[in-house]
Structures are given as C-alpha cells and as structure tokens.
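In the part that follows, the structures are each spelled out as structure tokens.
Shared chain: subunit A. Partners: subunit B in the first complex, subunit C in the second.
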Partner chain A sequence: MTPTGPLLVIALGSALGAAAFLRFPRAWLALVLVGTAAGLGACAFVLWGGPAWDWPGGFEVAGQPVHLRLDGLSALFLALVCVVGGAGAVYSMGYWTDAAHPRSASRGRLWWSEILLAMGFILVATNGLHFLIAWEGFVLGSFFLITLDQSRREARQAGWLYLAASHVGTLCLFGLFGVLAARLGTWELGPVRGHPELAPLFWLALIGFGIKAGAFPLHIWLPSAHGSAPSHASALLSGVVIKMGIYGLIRFGGWLPVPAAAGWVITALGLVSAVLGVAFALGQHDLKRLLAYHSVENIGIILIGFGFALVAASRGHAAWGLLAMAGALLHVWNHGLFKALLFLGAGSVLHATGCRRMSGLGGLWRRMPWTAALFALGAAAISGLPPLNGFVSEWLVYLGLFDAVHARGASSLLAVVSAILLGVTGALALACFTKASAVVFLGAARSEAARRAHESGWAMLGPMVALAALCAAIGLFPVLAWPAVARAAADWTGAGPAAAAPAELRTLGLCSLVVAILGAAAAALLWRRTAAGSLRRASTWCCGYAEPTARMQYTAGSFAGIITGWFEGVLLTHRTQVPAGQGPGRAPIVDEGVPSSLDDHTPEAVLERVVGPAARVVMRVALGARSLQHGRLPAYLLYVLAGLAGLAAIIFLACILT
Partner chain B sequence: MSSGLNLLIGISMGLNLLALGSSRLPSLIRVAAAQGVVLGLMPLLMEHHFSWLVALTAVTTAVVKGVVIPTLLRHAMRAANIDRDLDPLIGFIPSLLLGAAGTIAAVALVRVVPLLPEHRGLLLVPGSVAAILTGFILLIARSKAISQVCGYLILDNGVYLFGLLLIHAMPLLVEAGILLDLTVAVFVIGIIVDRIQRAFDSLDTRKLTALHE
Partner chain C sequence: MMASVEFIVRIGLWFLLPPLLPGIVNRVKAWVAGRRGPPVLQLYYDLARLWRKGVVLSDLASPGFIAGPAVAWVAVAGAALLLPLGPLGSLLSFRGDVILLVYLLALARFCTAWAAMETGSSFEGMGAAREVSYAVLAEASVITAVLALSVQSGSVSLARMMEPAVGSGGVLLAAGLFTVLLAENCRVPFDDPATHLELTMIHEVMVLDHSGPPLAVILHGASMKLLLYALLLVQAVVPLGGLSFPAAVAVLAGGVLAVTVGVGLVESLLARFAFRRVPLLLTTAFLLCLFALLVAWNGGAA
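Right, the complex of A and B next:
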C-alpha cells in the first residue's frame, strides 16, 4: 500500500472543498495549502523512489473508462503545480485582497482552485477524451485569471488574444487525439511506437502544445497575457501554465513515433526562442512584459535540451541525450521557481508603487529591501549564475551539448551552434536582468510613487522567501534533485531504471557550496567594515555632479540601447526623441521650456507584422464574400446555375478523361 | 412513334426560344402555357397501349398547365395592374443567344449521359436540360415577379420532361402531387404579387432586397 493514492485523494478533496469556501479567504487558503502539500507529498514519493501510481477507476465519465496514472514525468510537473499554486495562493492574500478588490477577489480564488485541479487532471489523465476535457477547463481557468481585473481594457484584450491563440492550439489537439483514436480504436493513451504511419501527428502536437508553451514564433499571446494578469496569476501562468505545453510535447514525444526531423526542428525552435526571447526582453520597459519575454527565452532553453534528447533517441539513446533531457526537465522546475519568484517580486513593486513602467521606478532597494534582495536573487538565478539553480540546469544542458560534439555526424555541428547560442543567450539574459534590477531598485527614485513606496507584508514576502529558498537549495545541493529528474527522464522513454547522478554534478554541488560560503563570508566582512566605519548615506549615481537629478540616470531604454541596436531588424524598435531636430554640428536644438527626452517602444513584432496583417487579409476576404449575399434573387439563381454548370463540367471532364 | 415524340420536344425547344424572345408579359404567359400543353400530351405518345391512367394524367396536366395556371397568372396580372412590358436585365438578343447555346450544349451533352437503350433515340434529356436552362435564364434575366413565375413554370416543364424517363416507375400519386404543388404555388404567388404591388407600387424584384440580412 503506497501513500500516493490517499495523498492524491486528500489533494482532490481539499481542492474541491476550497471551492466551497470562496467567501472565507482563510479557510480557502488553508484547504488549498493542505491540498497542494498532499499533492506535493504524493509527487515526492513517486519521484524519490516510489512506484508509479496507477488507478483503473472502473467507472465511466463521458462514455470513457476513467484511468489515472501518476508516473515520474507527471509527478515532476505536478510537484511544480503544487509549489507555485500554494505559493501564489498565499501571495494573493496580501496582493489581491477582498478589501481592495471586493468584486474579483473571490472570483480569483474560484479560478485559482479550478485551474490547479484542471492541471492536476491533465497530468494524471491517460484517456485522450479526459485529457481534452481537462485541457479545456485549464484554458478557461487561465483566461479568467488573466481577465480577473475586467475593468482594464488591456487585460480584456490580452484575455481575448490568449483565448484565440489557445483555441488554435486546442484545434490541433482535437485533430491529434481524434486521429489517434480513429487509428487505434481507443481513446486510451500510451506508447504507440509500433505505428510508424502516425509519425506526422507529432507536428500537430508541436503546434498545439507549442502555442501553449509559448515557443517563438507561437508566443504571440504570451507577453500581453503575462503582463496584464494580476501578478500572482502571472507567476502561475509563467511558472506552470506554459509548462503544460512542455509536458504535452515531452509526453507525446515519448509516446508517438517521432519523425526524423523532430529533434532538429525542436532544437531550432528552442534556439530561436532563446535568443529572440531575450532580445525582445531587452527592448521592454514594462517590468512584467520584460519578465514575460524571459519566459520565451527559458522555454527555448528547455526546448534545446528536449530537442537534443530527441536527436539522441533517434541515434539509439546516446548518453548525452539523458543529460540534455535531465537539464531540460530540471530547467522546468527551475524556471517555474525563479520566474514565479520574479513575478511575485514585480507584483510587490507594482503593489507598492502602482507603476509597471521602469521609467517611473528607481531607488527602491532602500524602501523595499526584502523585495529587492529576493528579486535580485531570482534575477541571478534566471541569468544562470552559480551557485543558484539556473546554473545547474543550464549546465546539464551544456554537458549534454559538449558530449554531443564528440558524437559523429551532423548532430555535433548542431551541438556546437547550440552551445554558442546558449552562451549568447545567457550573456544577454545577464545584461537584461542587470538592466531590470538596476533601473528598478538602484539609483534614485524617478517618480513620486517610487519615492513613497513601502515594503510589502509577510503574506507577500513569505511565498517569495520560500521560492527563493528552493532556488538556492537546488543550486547548492543539485545531487538531491537528480533522482527526481532522472526518474522522470527514465519514465519518458520507459527505458529501464533511473540513471545514477553523474560525477560532475557532485563536483558542481561542492563548488557551489564553496562559492556560496565564500560569498557569504565576503558579504559579512564587507558589512562589518562598512558598519564599523562611518557609513555615510549619499544619493546614488551622482557621477561627481554637484547637484544630480534622477533624470541624469540611465533609463531602461538607454541601458539596453546598444544591444537592442544589434537586433534592430527583428525588434522594430520605435524611437521618439525630443528635441527631434539637430542644429549645426550635431548639437541638438534645445528648447528651454521642453525637457529633452529619449524614449523607445518595442512592439510584439510577430503579432504586428505577421499575425495582424494575415488576420486583416482574412477579414477582407471574408467581408468580400459577404457582398455575395445581397438579396437579389436573380443573382442567387445565377449562383445555382453556375454551381450546376460547374458540376456538369466536372462530369463532362471525367467522362472525357476515362 | 419516337419521331412524333421528338417532334413535340422540338416544338418545346422552339417555345423555349420564343419565351426568351417575347417582350410582353401576356405573350410570355401564352408561351409557357403552350409548352405545358405540348408536354402534357407526351405521355399519350409514349405508351404503346392505351391506358386510362396515363390518359387521365396527360389530360389533367395539359388542362392545369394550359388553362388553370395561365388563368391564375392573367388574373394576378390584371388585379395588380402591371405594366405589360418586360424590362430585361439581360437583353432579348443575348438571352436568345444564351438559350440557343444552352440547347446546343444540351444536345451535345446527351452523348455522355448513360441512358437506357429504349431512350437512346429520344430527345427527352436534351429537351429537359434546355427547358431547365431557359427557365434559369428567365429567372435571372427578367425582373418582374410574374415573368419570374413563367421562368419557374418553364423550369418545371424541364423537370417534368426528365420525369417522363421514369414514367413507368413513378406512381400517379406523385405526378398528381407535383401538379397540385405547382398550382398552389402559382395561386399563392398570384396573391403575393397583388400584395407586393399594393405595398411597394412596383413588382420589380430588384427593389426587394431590404430583407437580405
């Protein structure tokens, strides 16, 4: 008797119970926490050595027998759902209170419970029809979380775009599951490697799940949705919701027969997502949109790892495939943790200042030391700096790439290119988070709101501390996380027991510990020095000016200006400069009354340059077709005659040809 | 035998062209009625042995198409006091050319249509297609409601001609039903035409487009 089943029953029971206590926030929170803790326990049991949980229900829902299964791969994702779901629920108590949002707070709780349940069912469903039902519920739940603040126009538009994009994805999934069920005669899902004719279905899965995962160029819904949702919902969206797409891809990449080019295409998608995601992030001056584009980048890193695992699988399961896969799976966890942390931090800033534009922030470290420190830790983690968790997973992917270089064939070339581009991505991400942290937390306040900012309460800081602690724990003790990841990777292919931790991981853990201890010691020393000496507080970034103002600081745009210039052709950044003209000798014409300024705006290029024009063409054609419907009976009869003539022509041609 | 039948079908084809070429409403109604009578007599020629049933069908068809329906139409025309001129959307000469081209195409088309051996020598199928095409052209090219009814009648004559291929397979009841439908339809249209005329002061169907959405 394993504890998995009872724990999952507790999780389900408390999640359902929570829905009954929407009007009582504390009771709701307690039930959600019990549910997520129970779910987390079940996942931990499966991941760290327990057997997979399999429950043939014995009754039918929607005409299909219920069959649930929690194996290593599902457990890995379910654990993330539980952690971020619990943390966000606590955070919402301080962030989206009933006092501040009397209309939407309880609705937010409802959809929060619903989406956690739906994601849980997606992860344990083994029946295609039930998977689709849960998937629809999950799409709906995230739509209502994005549009929680219905009074804001941009939130409604973001929700609309999300719903439209999701439906395109769901349409592909309907095609995928429909064809699978028609070919196999059953909705039950499972490995179907023995049907090579089903291989093209993988491309349907790639589009359907790729839209949800937000891989470039399928990410059009992502920046506005993440940017406009309430911050705890953004944390869930970015940390968990887009991972459902990754789950689907990995799951069906393991079950379906995979076309030969799949690994290459996914790696290429990953590379494009990683580099362009971070490039677009550099161009953003809205803190939450910046974080949203980093989701695209991190999904890219995960896809690179997964793509190499597929390439390895097509070459007889080379060992480097396992490393790349483990890196990708660990990055799923890591990105979920630090991106949730960063969004909660951004929410804390938003809560304190009411401002998302970085040009209105600055100097917040003094006013909000906890938020600033936790955000900086998250920023270091997402930039892949040791000794934090982001480094561990990226390093595993690198190890896989380096080993793949030694293998013969074209894949070694791909590995070299991927390693270089991954390095570029890491460097750009570091630049981007230097920009974000520096502009928001360092320097001097750029607006009155930033000057009067206040630190958030513990309901908001507590979940952030917990997420930060998990980030640090995985970074410092990667060996402890390895069995879980190895178990999930083993369950992916169904090939034998989980692999032992590679020796490099132990070395890395030791190095990280040493770095962490040395860093802590250096910080303590520095602190003592400054505390002992006469510590003088002065305005920051004064650059030797006698009378510095906040306007002299680097802005978000000027900080990233050089790098965004490299990607000018893709980003389509739009600059506005005041004064616009230049006098003789390149000197700007200065008007005393108008302060000079430089501002730029980076739009969502795929949406505005590809999807938008395509949609307009479709609209024009559709409106043109409407003019056929004008009410003149003779013309309608003409249509009928033309149709008849067409049919006659077809018959005539067929007679001539045969 | 079949030459007599073909003669009647030939006359019906000629009446098609006459319908396309006529420029006044009464003559159009007369042409449609004449074609109905011609076609109505055909079952008598198709049968080798005289049978009361077929004779009854033929006579009823001829009477309804040749007398009842035209009377209804003339009545509607007089009641609504319509201008007798037809103002065509497609001119008379182009309509005639189209009709002639359609008839030729129909005769050409019959070669590729698989037929029973006993129907091979007959012009039934081309005659039917030609009448249907003529009906369509009238419906498309004439704007007055009554002229459209005539187009509809000629179209129905084409369908009836095609139905003659199945004269042994089709029960009398179906034949009678179709005829009754037709009569009722024309009767109703006659009433509607009157109402339209009173409400809109015109029977030009081009002006009746406000309800299209």
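Right, the complex of A and C next:
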C-alpha cells in the first residue's frame, strides 16, 4: 500500500472542499494549502523512488471508464502545479483582498481552485475524452483568471484573444484525439509506437500544445494575457499553465510514433523562441509584458532540450539525449519557480505603485528592500547565472549539446548552432534583466508613485521567499533534484530505471556552494572594510552639473537601445517624438508649451503583421458571404433548389463513372 | 597536504600576478610613444593606496553597490581557479567545467553592471548598457571557440580541451580569441582605459562612482580577468603537453607576456573605434572562431 493514493484523495477532497469556502478566505486558503501539500507529497513519493500510481476506477464518466495514472512525468509537472498553486494562493490573500476587490476576490478563489483541479486531472488522465474535458475546464479557468478584473478593457481584450487562440489549439487536440480514437477503437491513451501511420498526428499535437506552450510564433496570446492578468494569476499562467503545453508535447512525443523531422522542427522552434523571445522582451517597457516575453524565451530553452531528446531517440537513444531531456525537464521546474517569483515581485511593485511602466519607477529598493532583493535573485536565476537553478538546467542542456556535437552526423551541426544560440540567449537575458531590475529598483525614483511606494506584507513576501529558497536550493544542491528529473525522463521513454546522477553534477553543486559562500563572505568583508574607513555620502557625480534630476537617468528604452537596434527588422518598434522632426539635419520645432518627449513601443509583431491581416481577410470573405443571407424567401427556395440540383448532379456523375 | 599547498600556491599566484599585466601594457605604450611611463608595479601601489582610502558613496546607492564588486571578484577568481595552468594542470576538472567558467564570467558582468546602475547616473547607465550589449556578441565568439576546442579534443573539460595541438585553425582561433580578449577587458579598439571622456567609454565609465576599497577590488578583478583571458588564449593555441615542466612554465609565461605586449602594441598603434563599428569587429571575431571551428571539424573527420 503506497501513500500516493490516499494523498491524492486528500488533495482532491480539500480542493473540492475549498470551493465550498469561497466566502471564507482563511478556510479556503487552509484547504488549498492542505490540498497542494498532499499533492506535493504524492508527487515526491513517486519522483523519489516510489512506484507509479495507477487507479482503474471501475466506473464510467461521460461514457468512458475512469482510469487515472500518476507516473514520473506527470508527477514532475503536478509537483510544479502544487508549489506555484500554493504560493499564489497565499499571495492572493495580500494582493487581491476582499476589501480591495469585493466583486472579484471570491470569484478569483473559485477559478483558482478550479484550474488547479483541472490541471491535476489533465496530468493524471489516461483517457482521451477525459483529457479533453479537463483541458477545456483548464482553458476556461485561465480565461476567467485573466479577466478577473473585468472593469479593465485591456484585460477583457487579452482574455478574448487568449480564448480564441486556446480554442484553435483545442480544435487541433480534438482532431488529434478523434483520429486516435477512430484508428485505435478506444479513447484509452498509451504508447502506440507500433502504428507508424499515426506519425503525422504529431504535427497536430505540436500546433495544439505549441499554442498553449507559447512557442514562437504561436505565442500571440501570451504577452497580453500575462501582462493584463492579476499578478498571482500571471505567476500561475507563466509558471504552470504554459507548462501544460510542454507536458502534452513531451507526453505525446513519447507515446505517438514521431516523424523523423520532429526533433529538428522542435529544436528549430525552440531556437527561434529563445532568441526572439528575449529580443522582444528587450523591446518592452512594461514590466509584466517583459516578463511575459521571457516565458517565450524559456519555453524555447525547454524545447531545445526536448528537441535534442527526440533527435537522440531517433538515433537509437544516444546517451546525450538523456542529458538534454534532463536539462529540459529541470528547466520546466526552474522556469516555473523563478518566473513565478518574478511575477509575484512585479505584482508587489504594481501593488505598491500602481505602475507597470518601468520608466515611471526607479529607486524602489529603499522602500521595498525585500522585494528588490528577491527580484534580483530571480533575475540572476533566469539569466542562467551560477550558483542558482537556471544555470544547472542550462548546463545540462549544454552538456547534451556538446556530446551531440562529438557524436557527429547531421544532428551535430544542429547542436553547434543550438549551443551558440543558447549562449547568445543567455547573454541577451542577462542584458534584459540588468535593465529590468536596475530601472525598476535602482537609482532615483522617477515618479511620485515610486517615491511613495511601500513594502508588501508577509502574505505577499512569504511565498516569494519560499520560491526564492527553492531556486537557491536547486542551484546549490542539484544532485537532490536529479532523481526526480531522471525518473521523469525514464518514464518518458519507458526505458528501465532512472539513470544515476552524473558525477560532474555533484562537483558542479560543490562549486556553486563554494561560490555562494565565498561571494557572501567577500561582500560582507568589503562592506566592513568600507564602513571601517571614512564613509561619506554624496550625490551621484554628474559631470559637475548642478541640478541633476531623476529624468536624467538611463531609461529602459535607452538601456536596451543598442540590442533592439540589432533586431530592428523583427521588432518593428515605432517611435513617437515630441516635438516631431528631430534628427540629423532637421532641427526640432520647439514649442514652449509642450514638454518634449521621446517614446518607443514594440508591438506584438506576429499578431499585428501576420494574424491580424489574415483575420481581416477572413472577415472580408465572411462579410461578403453575409450578403447571401437577406431574408427574401424566394431566393432561399432558389438556394435549396440549386443545392438539390448540385447533389443530383454529383450522384449522377458518380453513377456514370462507376 | 600536497593538495592544500598547491591550492594556496594557486590562490597566491592569482592574487599577486595579475596587477603586473596592466603595468606591462602601460610600459609598452610608453616605450612606443617614447615616454618613460609609470613603473611596472604602479597598479600594486594604486591598489594598496585605494584599499586604505575612505569611500564616497552616492546617496542613491544600495548595499548592492558594495556587494556587486565583491561578488564579481569572487566569480572571476572562481573562473580563474577552474583554468588549468599548463604543467600544473587544473585544481578541479570535470565535464562541463568550461561552461561554468563562461557563466561565472557572466555572473561577474551582471554584478558589475548592477553596481554601475546603483547610482542612477546616466553615464554609468551608458557604460552598463554597452557592456551587456557587446557581451552578447563576445559570448557567441567564446562559445564558438569553446566548441572548436571541444571538437578538436573530443572533450568538454578544460584540462583535456587544452591538450591537443591545434592545426592550421590555431591562427584563426588565436586571432578570434585575442579580439574577444580586447573587447571583454575593455581595451583599445573597443574601449580606451586611458581616456577620461565618459561618453566614449565602457568599463571605465561603469566604475565612475566607485572609490576606495571597492574600486581596488574592481581594478584587481579586471586585471585578473585579463590574465585569465591571456592564459586561456595561450593554452588554447600552444600545446604544452609534450614539454618538460620548466620549459612548459617558460612557454606559458612567454606566451602571456607576448599577449600582454600585443595588447600594448594594439593600444599604441590603433585608435578607438567608433561605437557603431564595434559590433562589426566583434562579428569578425565570431567569424574567426567559427572558421576555427570548421577547420577543427574537418581535421577530425579526415
């Protein structure tokens, strides 16, 4: 008797129970925490050595027998759902209170519990129909979380776009599961490697799950949804919701027979997502939109690792595939943790200042030291810097790539390109997060709101501290996380027991630990040395200028200017300048009454340049077709007659031909 | 016992030797210009003086202003300790240590840029923006160079990667890595460490508001990084494996000296480039490393 089953029953029970206590925030929170803790316990048991949990229910739902299964791969994702779900629930107590949001707070709690449940069911479902039902519930749940604040037009629009994009994805999934069920005669899901004719279905899965994961260029819904949702919902969306797309891809990449090109296409998608995701992030001046584009980047890194795992699988399960896959799976956790941390940090800033525009902030560290320190840690982690967790997963992916290079053959050329672009992505992310954290937290306040900011309460800081601690723990003790990742990777291929931790991972953890301890010691030592001598405070040196103002500081736009210039052709940044017409050879017309300003805006290029025009064409055709419907009965009768005649002609032709 | 002695010797070497390099560079520059120039040991005097001095701190600076240089120094020192020292080998060698080295240098960059942004000065903002932007191109070159070495040796650990003799690709690799060395250490033609015109600098402008012990730490870290890159370049190109211990040490020291003199000569003979040409030069460095990689690739297949 394993504890997995009872723990999952407790998790389900408390999640359902929580829905009954929507009006009582503390009781709701307690139940959600019990549920997520129980779910986490079940996952930990499976991941660190326990057997997979399998429950043939014995009764039917929607005409299909219930069959649930929690193996290593599901448990890896479910653990993330539990951690971020629990942290976000605590955070919402301070961030989205009943006092401040009397109309939407309890609704938020309802959809929060609903989406956690739906994601749990997606992860344990082994029946296609049940998977689809849970998937739809999960899409709706995230829609209602995005539009929690219905009074804001931008949130409503983001929700609408999300719903439309998600349903395009769901349509692909209906196609996928429908064809599977028709071919196999059952909705039961499982490995079907023996049916090579099903391989093209993988492309359907790629589009369906790729839209959810937010891989470039399928990410059109992501920036506005993550930017406009309440911050705890953004943390869940970015940390967990898009990972469901990754789960689907990995799961069906393991079960379905994959086409030969699958690994290449996924790696290419990953490379494009990684580089362009961070390039678009650099162009953003809205803190939450910037973080949203970084989700695209990190999904890219995960896809690079997964793509190479597929390439390795097609080459007889080469050993480097395991490293790449382990890196990708660990990055699923890591990105979930540090991105949730960063979104919660951005939420604290928003809560304290009401401002998302980075150039209206600045100098917040003085008022919000905890938020600043935690955000800085998240920034270092997402930039892939040692000794934090982002580095460990990128390091594993790198090792896989280097081994793939040594293996020679066509895939090693892909590995060379991937390794170089992964390095570029890391350097770009570093630039982007130096910009974001420095402009928001350092220097002088650029607005009155930033000057009057206040630190968040412990309900908001507590979850951030917990997430930061997990980021540091995985970075400093990567060996402890390895068994979970190896177990999930082993369950993905179904090939035997989990691999032992590579010896170098232990050494890497040791190095990280030493760097962390020595770094802290050196900082303390230097601070003491500085304080021991004569320490004088003075204003920042401004080239002798007498009256420096906060507006003279470097802004987000100016900091990123060099790099966004390189990506000009893709980002399509447009500038607005007042007074107009400045530039070499064109003196500005200065109007004393109008303060001069320079602003730039980077729109969502795929949405505005590709999807938008395509949608307009569809709309025009549809409007043209509408003139067929005008309410005149004789004309309708004529349509019916014409239709009948057409049918008769087809039948007649068919008779002649056969 | 031997291990701990060796460890202390290494730490001592990395602590004491680096400030010599900027002194040599300045000597070469003075010699070319026909001046007498500052003593070779000038940086040692400067560091000792700065360490004893008081600090002027910007009103806006957070504790990160002091912690940044300290962590950056530790990161560079950590990267330096990972580097094998010719016949001494490396202190700690494992698969993938080269990636840790590259990312420790990135950590140092993050901390330096962070500390620069602390003061809210637009000059330092400029410097930090340039530093992190040009590093993108430098990073691509470094990863490509690492790939070239890795393909050639069939290994992902620094000690093994440095062993085999490079063929004709060595010249390309040396040229590429030397350019990256100039860019990453903020030397002419990317940056001018001697100038005092803030608008045109990268590294120097990032540390404008630092003074006293933190500035000493920054300067020492910068010289350590220069020595690290010089050692990396020499060992990547010159095979030291077959030589006896004294010969190998002599070749290594001679190589580092040659690189340092080369930096000085470049600095004397070239003017700083306009900023819009910097990406072009870095792209050239990347291409040189890429061709070195292709040569290594072909050599392995033949």
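One rule holds for everything that comes next: the second predicted complex is superposed on the first by the 597 of 658 C-alpha atoms of A that agree within 3 Å, B and C clash if a C-alpha of one lies under 4 Å from a C-alpha of the other, contacts with A are read in each partner's own complex, and residues count from 1 in each chain.
Just so we're on the same page, a residue touches a chain if its C-beta (ideal position, glycine included) is under 8 Å from a C-beta of that chain, and two chains touch if they have at least 3 such contacts.
These numbers come from a predicted model, not from an experiment.
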Dominant contact partner of subunit A by residue count, subunit C or subunit B: C
Touching partner for A:His630 - first (subunit B), second (subunit C), both, neither: first
Touched partner set for A:Gly63, first subunit B, second subunit C, both or neither: neither
Partner chain in contact with A:Val514 - subunit B first, subunit C second, else both or neither: second
First, second, both or neither for A:Leu638, with subunit B first and subunit C second: first
Contacts of A:Ala648 with subunit B and subunit C, given as first, second, both or neither: first
Subunit C partner contacts - residues on subunit A that touch it in the complex: 362-363, 365-366, 369, 372, 376, 380, 383-386, 391, 394-395, 398-399, 402-403, 405-406, 408, 416, 419-420, 422-424, 426-428, 430-431, 433-435, 437-439, 442-444, 502-504, 507-508, 511, 514-515, 518-519, 522-523, 525-527, 529-530, 533-543, 550, 552-554, 558-563, 566
Touching residues on subunit B, where the partner in the complex is subunit A: 89, 109, 112, 133, 136, 139-141, 143, 148, 205-206, 208-213
Residue ranges of subunit C in contact with subunit A within the complex: 51-60, 62-64, 66-67, 69-71, 73-75, 77-78, 82, 92, 94-97, 99-100, 102-104, 106-107, 109-110, 113-114, 117-126, 128-130, 132-136, 138-140, 142-144, 147, 150-151, 154, 156, 198, 208-209, 212-214, 217, 279, 293, 301
Of all residues in subunit A, those that touch subunit B in their complex: 629-635, 637-638, 640-641, 648, 651-652, 655-656
